[in-house]
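First chain written, first letter: the chains are A, B, C and D, and each begins at residue 1.
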């Protein structure tokens, strides 16, 4: 791409073209990021409203859809408050690593076979490393505010994110083992469009790895069963207690941005990413060069959004764990099981070099059964609530 | 060499988990509490002095504000104390209406407790669901007396309004609707694995401690003491009604842990539904107000009347000197003693447990401070 | 074009921008999760399914740093008044106060009390008074809407 | 029963309401200990004081959960000294109740582990439940009038 660009502008030096290109991509990614984080916060509030038999924001714009814009502008207008006793430099610095940690991961997320910021050959390693930046910001925020609640929040986030990074990385290793590459595009290309060709169903150990990945990713994103760093009822607002206005908005953004990263990683590593069936591809290619990519992007978004919505629903359903339970889950269950799944996958690949189709279908159908039960249960609950909870007293 | 240092944190008066304006001065080592000193009095409204100033009848509205979450039983307890002192007895229909109102209010109070408990554990949805159900109870109270929170319904010598014509049907309709809702609530949160793990074996109050620290009501029963003022020192029409007293049995952990105290409230809601059903069935027609003089002047005497509020045994100690104003009125409430046990139980818990422990005690700030 | 711009009254631009900014501010009133007494229960009910302040973009925040609106829900004793003022000072500008219920307005029922502050306006400026003991959720919602009207009329940029 | 055991306790039976035992202030700890250990009054459900202008009265409402039976003790206290022994070693629940009585009435309890004001701020002047209490004009710069 860069070569083509430098051909377009022959008078410019190569480094300048590269810099401009980087800038354009960065702006695009950031725009996408904020355009995701804003509306998803509105969506989350609407979904939360539905779950709680409320309505949720519906006054600002049609159905409240620009609520996030009002929130953003308002926070921008608020007084920028730095506590007197805070460590001022660190306090100002803290939101940026958090924001950066999440946005940097977007660079290697493959939206389609072409649309990717940079297909690094160490992509997965890069994502894990960039994600690790978040914890620096959280600790810095917790420490610099000079408030005991934020300190506790920061310490909690450090403990939580570092311990959950281990099962997270271990579960990613399973994928690396199966695809033989760290590059996300290669990982996706070694999967197929049909569910049985996805890594998640390739063997039972990969399935375990997927579950471990989801749990530890939710923990990395500080979402509800694991939202201890900002536990509202315990630590007031955790690490961001002292933050107001724009600086708070950075944390806010990062939280919802994380959501997308989790969903996108799950989709690309385990669920075949942007892979579309050959029939679609043939049909789309016949229409022109753009359409296959549109299909791919849509497929990727679909898979991502399923997990985003699931995580949102989890947040409004589950209570929060305690610190020691959180550690127990990570060290006693997730980490050993992650090791088991690595070894298991390795053995599986030796025993069944071509894969075992029966097991793939078995896993697929058991997953479908779980989803089916979930849907049935949700519908049942909705019916129940409709018949019983819509109780009106006419006084 | 790693050195740890105690950290003193002031939790409250404005803190999401302190249910109003309680304050705890907490000494922690990291997450583990070493010492918790409750600091109350942020809502001390001097009810007892006001009672000495305003007189018997005018004090009735203030009793709503002692325990606003369960105001009917406070009304009832105060009315009982004055009636006992002045020798007034309420008509039977009034007694039935009082019990119906008290039990409905017990339901709404326990709903708040269960919801707030879930919120403190981190689940926000059950709280809103509880609020939703509470609204319907409030609708019933609006039918009964026109108020949603501070009812002033139970008066000295009876109740202020008779039940409207369709009250019984509406009430039964509500109960039919509400009983399955309790099951739904249980499905949503009570038997959730994380929830049970968070509450079981946390903040265990032994039977001896519970009695020595004078815990009352559901907190006492949570520790396995089968004592309910409604059963053991019967008042009003409770002897005529058949109901059970749930007692903590340690179903998830030890007897007297937070989960026991929580489940007792859930079960009590079901028992309250039973009581309301029976009371509605048995309720006779007739007067709702006894003949009460405009100025109540009890003889020189003192009474101590006890009533089972949602937060337990509520006592009014009334000293009268023969005038129309009480000489001394002492309000003994469940939350006050429940707060004093925090100091004993909390060391060794974690911060998250302290939050769970406080909400399992169902402390309401104005009941502590009065 | 420039002459046309110069002919315009010079406040038009700021007025329009003001309106937009005020609209943003009023659409996102985050209130502090702070309740002292009886009115606190009605405040909870207001956030509940029937009134649902979330519709107007008002969500509770537990820390004063991130909240725009402080609802004094309930009786304020002298002991608490000191803390309440401190909470108010911790909120970043622009900030608003709704005094909910008679106790916060003027002491209400507790005017005979020796330990109750007779009206929160003795320690901090109040924007909206909502009468009632306690006010119904509808009344409080009306208070919020009145506050939004007030915010819309403010001259934010030119102040 | 208490009559036989403690000859110094005076039984008072008014015309209306329940009766009580009047116990001298210096004997109260001994009486309470015996009542708890031998008569199973395991709970102190209410402890309060009354300002009777000439003297204070401290009232103990005991309750026995095993026999479901209440008992009322009273102690007369001269206003000059207004000091009496604490029973918080016998029933822990007395700890806070005595603090409240101290705060609002000004009765001091000896051997109390932590006798501080509980309801009112530390710098509050006077004990408001005393009949002679006058409300101050202002507290910490806040006027108390409306």
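Throughout what follows, contacts are C-beta pairs under 8 Å (C-beta built on N, C-alpha and C of every residue); 3 or more make two chains touch, one makes a residue touch a chain.
What you are looking at is a predicted structure, and each value in this text was computed from that prediction instead of being measured.
Enquirer: Common contacts of subunit B and subunit D?
Expert: Correct list: C.
Enquirer: Count the C-beta pairs in contact for C-D and for B-C, then report the pair with the higher count.
Expert: It is B-C, judged by the count of C-beta pairs in contact.
Enquirer: As a quick test, compute the distance in whole Å between the mean CA positions of subunit A and subunit B.
Expert: So the centre of subunit A lies 44 Å away from the centre of subunit B.
Enquirer: Nearest whole angstrom, what separates the Cα centre of subunit B from the Cα centre of subunit C?
Expert: Computed from C-alpha means, the inter-chain centre distance equals 31 Å.
Enquirer: How many angstrom lie between the CA centroids of subunit A and subunit D, rounded to a whole number?
Expert: Here subunit A and subunit D have centroids separated by 61 Å.
Enquirer: Give me the residue numbers in subunit C that touch at least two other chains, ranges are fine.
Expert: Residue numbers touching two or more other chains: 48-49, 62, 79, 114-115.
Enquirer: Which parts of subunit D, given as residue numbers and ranges, touch two or more other chains?
Expert: Within subunit D, the residues that touch at least two other chains are 119-121, 128.
Enquirer: Could you tell me which residues belong to subunit A and also touch two or more other chains?
Expert: Correct list: 52-54, 232, 236.
Enquirer: If I apply the definition of touch given earlier, which pairs of chains qualify?
Expert: A-B, A-C, B-C, B-D, C-D
Enquirer: Could you please specify the touching residues of subunit B with respect to subunit D in the complex?
Expert: Touching subunit D: residues 40-41, 44, 46, 48-49, 84-85, 87, 209, 211-214, 216, 225, 227, 232-233, 299-304, 313, 315, 317, 319, 327-328, 330, 332, 336-337, 339-340, 344, 369 of subunit B.
Enquirer: Under the touch definition given earlier, write down the residues of subunit D that touch subunit B in their complex.
Expert: Touch residues, subunit D against subunit B: 14-18, 42-46, 48, 50-51, 59, 61, 65, 68, 70, 72, 91-93, 95-97, 100, 104, 117-121, 128-129.
Enquirer: Which subunit C residues qualify as touching subunit D in the complex?
Expert: Residue positions touching the partner: 78-79, 81-82, 106-107, 111, 114-115, 117-119, 122-123.
Enquirer: Touching residues of subunit B toward subunit C in the complex: what are they?
Expert: Per the stated touch rule, the residues are 13-16, 20-21, 41-46, 49-50, 53-54, 61-62, 64-65, 68-69, 112, 128, 131-132, 134-135, 138, 148-150, 365-366, 369.
Enquirer: Please output the residues of subunit D touching subunit C within their complex, sorted ascending.
Expert: Touch list, subunit D to subunit C: 119-121, 128, 133, 135, 139-140, 142-146.
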